[in-house]
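These notes open a run of structures that come right after.
Here chain A shows up in two complexes: once beside chain B, once beside chain C.
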Partner chain A sequence: MGIADRRIEDGNLMQAVAKLTPEKIKAAYELVTKGEAGARLSTYYQSCMRCGMCAQACHFSISHPDDPSYTPVGKMDQTMWKLIRQKGEVTPDEVYGMAQIAYTECNMCKRCVHYCPVGIDTGFITSLVRRFCYRLGVVPTYILDTAHSHSAVMNQMWVKQDEWIDSLIWQEDEARGEFPNLRVPLEKEGAEILYSVIAPEPKFRTQLIYQAAAIMHEAGLDWTMPALPGWDNSDMCMFVGDSEMMGRLKRCHYEMAQRLKVKRIVMGECGHAFRSVYDTGNRWLGFKDWPVPVVHSVEFFWELLTTGKIKIPKKFDKPVTIHDPCNITRGYGLMDKLREVVHMLCDKVVEMSPNREHTICCCAGGGIINCGPPFKSVRVAGNKAKADQLAATGVEYLVAPCHNCHGGLEDIIGHYKLGMHTKFLGDLIYQLMEKTRAE
Partner chain B sequence: MQTLYNFATGPLLWASFAIFLAGSVWRIYSMIALARKKEMSVYAYMSWGFSFRSIFRWLTPFGTLGWKANPAMTVGTFAFHLCLLLLLLFAPGHAEMWDYNFGLAIWSLPEWLADTLTVVVIACCAFFAFRRLRVPAVRYVTTTHDWAVLLLVFLPFISAFLAKMQLGNTLFMTLLHVLSAEAVLIAIPFTRLSHAIFSPFTRAYMGSEFGGVRHCPDW
Partner chain C sequence: MGSPDRESGTSANNWDWEKGKRTIVQSIAPKEEDLWQEEAYAAPDGESFAAVVRLEDESFTLRVNDGRWEETFEKVWYPRFAPDGRLTALVMADDEWTVAVDGEAWEERFAFAWATTFGPNGAIAASVQQDMRYACCLNGAPWENMYENAQDYCFSADGKKTAGVVQVKSLKQADLDGFRSGIFTVAVDGEAWDQSFMNVWTPVFDGRDNERVAAQARLNAYDYTIVVNGEPWAATYNCVWEPVFNPATGVLAAPVRQGGRWGVAFDAAMNWPASLYQCWGLQWSRDGKNLWAVVAPEYGKFTVACNNKPWAATFPVVTELALSPDGTRAAALACHANKDYKVVVDGKPWQGSWDMAWQPVFSPDGAHVAALVEKGGKKTYLVNNLPLDESFTEAWTPAFSPDSSSLLLRGVQNNALVRVVLPLKDIH
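== the complex of A and B ==
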């Protein structure tokens, strides 16, 4: 049992591992564990009692009940604990396995924190293993490509400058068919709100920009979207372990907002981007607080609905269930606001169990879905736990305010034939709101 | 053997205390210094309120998701640590030592209760060993180090029990009790047993990060 028994071929993993030498591996180990990491890694390593209490926390180990190599402590034991035990003297083959575990078998969702009496942060350990692998270039092909895109064009999807502006104007054009006076204001200095999205929105979920524009327009808000780099709030560099680029991306995002002198940034329904601006990127930059306030969509919609800027004449009449994305619930405590928003939109809500901060992960986040097709079966098999939980609700609609969660949940819904449909809050609000300014 | 016993309960005991105290202070100090050098976010996020909220919550049996999901482990862990601490401070033999060395006449456990608590600790050690052998998730990550510290902690209790029951050579058992307990003291700052000194800090940090930054409980 262990990662060696389930190796999956990936182009870059194989190429990068072929170039490794014991010296390179040792140097990367020293850099990460002695140069960068500090007291947390050291105390976690020494205080982890190997008690196995975290085994019941992880969707991977719940989904593979007979295989202890999928438990959080099992994964740490095969990666960071092994590196420390062997003082960085591991083989290239072992590095391959470590990369496969860190990038494709741990979403860094931190559910295991709720199970560890000592208070060990397994997600943090995984991020250090990824940093080690990244320093050796041992990163799965697909996610490495998105990180390269960030480095080259400051967005995740190789969206060129003119394509970005063109996508916004295209959506404005489309929306003007429904709302004649609608604008997607670009580069408006001093606007109340700067709306930022992740690059997959212009790339393949463009309707979300249409919906956001419609909601802003109906609510009569003073808003703008940026035309220049920094518009993409996503961050795959954070997930590959490229901390330097993670810092550049976040700085670019905040500086773009400061250049436009906006009051605050509202971000789309994304989990990992929020983690990046609120939890990881800011730490790398040494920002305790954000230079420009950032508001997640869940909070923003809550504001619009409670202040009556958006009115819902008739609620969604089919029962729905709520998926709590880890980055904004375990990461930011939006459990209550999310529920309040969903209850303002839907007649009947069937809760999953466990839920709220104990939510079971979608198994797409943490960069796993971005590792691409070679690893799809890993995350689908690794999240039978969530599929069972969804099936138990017996409802047809699932609200999940996070792009990655949508991707992961749609895959398990398809694979386990659950016959459910996923919804963003924006989908529901756009569908249900009173459209006083529509034609 | 008597000479060795006198040595073990005299100079060796003081040396063990000294190594334990100095080692613990040094380990904690160096971790604090390391955190200050490398992880200022730890300082930025640390909060007394959230730290104690988390520590008290996790000191409550069945008060957290982890304890609820592992009921046998919860009973075993709490019983083990509680009995261990009670015996350490208030075992009748230890009370005599308090009196002899420091002139402190402290309350001590009745003999029958001390014996019972010793058996509980021994049973808990057996339970932990059983888990290491039979529970796949635990067996998979168990190393020699884990066995060594479990054995080390087990020795003072089994020897005390055998000495009390006058099974085997009582002087030898008592000597074994003293020596192994001293070994535990010395091992605390430098082995997996260091969770005894570090877990209040790791718990406090996790409580602070979840409470103050993540705005949700860490249990």
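== the complex of A and C ==
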């Protein structure tokens, strides 16, 4: 079994491979493997023993136990290892399969790194395969459209500048119904905190902006939101393999904070955007560290709750479980703070097993959910492992501090009829906090 | 809190340069009769401050010193002083938006107006939207042509023209081919170039005659270049940043990326070889002899370079590059992860480190440098590498007198807005 047996039609994948020539494929291969990847790739290639230990790690292979082509090594074998073996001489059809694997069958969640005796990072290999595919234009339609949007308007959802500001003013007006003096301070130079979000918030989830404003207001914080481009911290360009545009986006994001002279950026509950600011985008720009610190909501809420700026008079009394988003826990170590926050909010917490840095991915991250409807079935079938894990907790509520995780988990919950409800930390805090400044 | 721009109509000659401290407003604290008052902004000459206030009837207006704009609005935000001292704000009345200048709203109203910017000779522009069509509005007059989208506006050197990036065709949902066909270009005073591109960013005028406009462009998914009046350079690159015209010769310089490193191309020919890990923020001296930039000669090590010669000292982050009027000296800010700010002048860090710092300012004769800095919530000023004794709870960037003999400080002490003129000879 292999990728050729499960081909899914996607308009741009089909259109792009039709234009490929052996020369173009070879040139993209040379650029990525020789020009960009460097020694790390050849070290991985030479040290992979084909031992198969990683098979136990990946939710795709756990969910497809009889099909080795879903294992991390199986996926590398069908993509980068094949490219290296054949010195870039692969057919357009094979490139289609490589793109399908890289964009829709690996979340770059890096769980397999922990299982590999020699520490091979399949997520990194996948990012190189995506870069190779991107250089050939072989990218699924929907995620490529979000990358185009990023390049045109500096956010992933084609939100125009006035629409963004209007959403903020609208949410400020709405929130004033509950907190009469609430402000969403726009473009306030010198604020302690700049709050940034991902573009789906003004587009589909404006209540999250309302909730964030309510929390900031109740905590009495000196904060601001930007009115100009750079407000969207997300980065689909990172996921399609467009490193240049990823860098442009991160520059815009950091320069917005530098222009406003804020002390730090606090970002909403998103995992991949966090990776793009602490790991990938900053480094592409030449920074070793980040030029402006970015605090993920988990850490920010932990601060608010432990310092008493936000008080929880009565905890959520229904049992909850916790999903650890890969980019902020395995990638950044926020698992303890996440637990402390959830325990401060909820009476009864039932842990999933495995959890923390061994968390099983939501299967939406890494841009897979952004590849759109054609690949939804891949995501839900590829994560029966997570569905089993969720079901084993026996609880009704699931806390997941990441947008992509939310989307992916909701799809799994629906498909496997788990009858669970997902919550952001912000949902719980807004619902439970003492509202001393409310009407 | 922006600094008065030396080329944008500031008439510092007419300001009060008499030595001493004057209290302008006894208390800038919110007045009891108002529901609330927002952040204070000081005028460039330090003679007034403005803040949005919400009145008891829930309308908004601007407080200016102890008075108010007469007119009230459903919403007011983005109060900003123009360099010439006029006070502007974005205002909404009857569900329509516009810009108000010194309390008078522009006659033209829009479904939305935002991002007020100031140009030379008193020019004021804003982004506007009407019927989901977008344009730039200069001094109250919107472009005749409005577009599917428009952004990134800039002024000509005389402040009479504007240019911006416009989207000339609409896109359907997930319309990859439409996007790839190139639907972005530059419009000058609303007239779009004939050629359009996949992406266009940051147009800029050639200030010598304001007839040429250049911008960054992406020709296809992988090839970037610079376009001038719609014509792309012959060379393409992995990436480019903002181009700048030499004010004396018209040579167009832009940071360009080749083979994973950055250099600078002049009119499409490499001038600074591509050896840098980063290069941006190009600035020419007025005589066109010196080209300055923020660069990273090594990974993670940033500094400033002049004519491709970097300063010896490097830092994790460098921002806010400022040149002396003759363009032979430069100052910038350095920091690590937005902390431990240092003012760096001519490659040497000044003493002390700060929680935050603002762009350094050179005196007109280029001999002195001053900067606003903040530590532990208190703001003060550094002048020629020495901190002043005065500290403020709020303060704005300093300004030198036209004869370079005095420095104007604007700040808040004990809730009072004060204005201090310090002769440089009295400093330390």
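The rule is simple: the second predicted complex is superposed on the first by the 439 of 439 C-alpha atoms of A that agree within 3 Å, B and C clash if a C-alpha of one lies under 4 Å from a C-alpha of the other, contacts with A are read in each partner's own complex, and residues count from 1 in each chain.
Please note the rule applied: a contact is a pair of C-beta atoms (placed from the backbone, for glycine too) under 8 Å apart; a residue touches a chain by one contact, two chains touch by 3 or more.
Bear in mind the structure is a predicted one, so any value in this text is a computation, not a measurement.
Contacts of A:142 after superposition: chain C is touched, whereas chain B is not reached. Legend: residue contacts after superposition of the two complexes on their common chain; A:360 is shown touching neither chain B nor chain C.
In the superposed model, A:114 makes contact with chain B only, not with chain C. Contacts of A:36 after superposition on the shared chain: both chain B and chain C are touched. Touch criterion not met for A:400: it reaches neither chain B nor chain C.
Contacts of A:270 after superposition on the shared chain: neither chain B nor chain C is touched.
In the superposition on chain A, A:166 contacts chain C only, with no contact to chain B.
In the overlay built on the shared chain, the residue A:153 is in contact with chain C alone; chain B does not reach it.
Using the contact criterion defined above for the overlaid structures, shared-chain residue A:335 touches chain B, although it does not reach chain C. For the contact definition in use here, the residues of chain A common to its chain B contact set and its chain C contact set are 36, 286, 288. Residues 11-12, 35-36, 134-135, 137, 141-142, 144-145, 148, 151-153, 158, 160-162, 165-166, 169, 181, 183, 185-190, 227-229, 242, 244, 247-248, 251, 257-258, 261, 263-264, 285-293, 372 of chain A touch chain C in their complex. Those residues of chain C that touch chain A in the shared complex are 1, 35-36, 38-39, 75, 77-78, 111-112, 114-115, 127, 129, 134, 149, 151, 167, 171, 173-176, 179, 184, 198-199, 218, 221-222, 224, 238-239, 257, 259-260, 277-278, 280, 296, 299-300, 302, 316-317, 319, 335-339, 355-356, 358, 374.
By the touch rule above, chain A contacts chain B in their complex via residues 1, 36-40, 42-44, 46-47, 49-57, 61, 66, 68-69, 71, 73-74, 77, 81, 85, 113-121, 278-279, 283, 286, 288, 329-333, 335, 354, 356-358. Those residues of chain B that touch chain A in the shared complex are 31-32, 34-35, 37-42, 44, 54, 58, 64-67, 69-70, 73, 77, 131, 135-143, 146, 191-192, 194-195, 198-199, 201-207, 210, 213-219.
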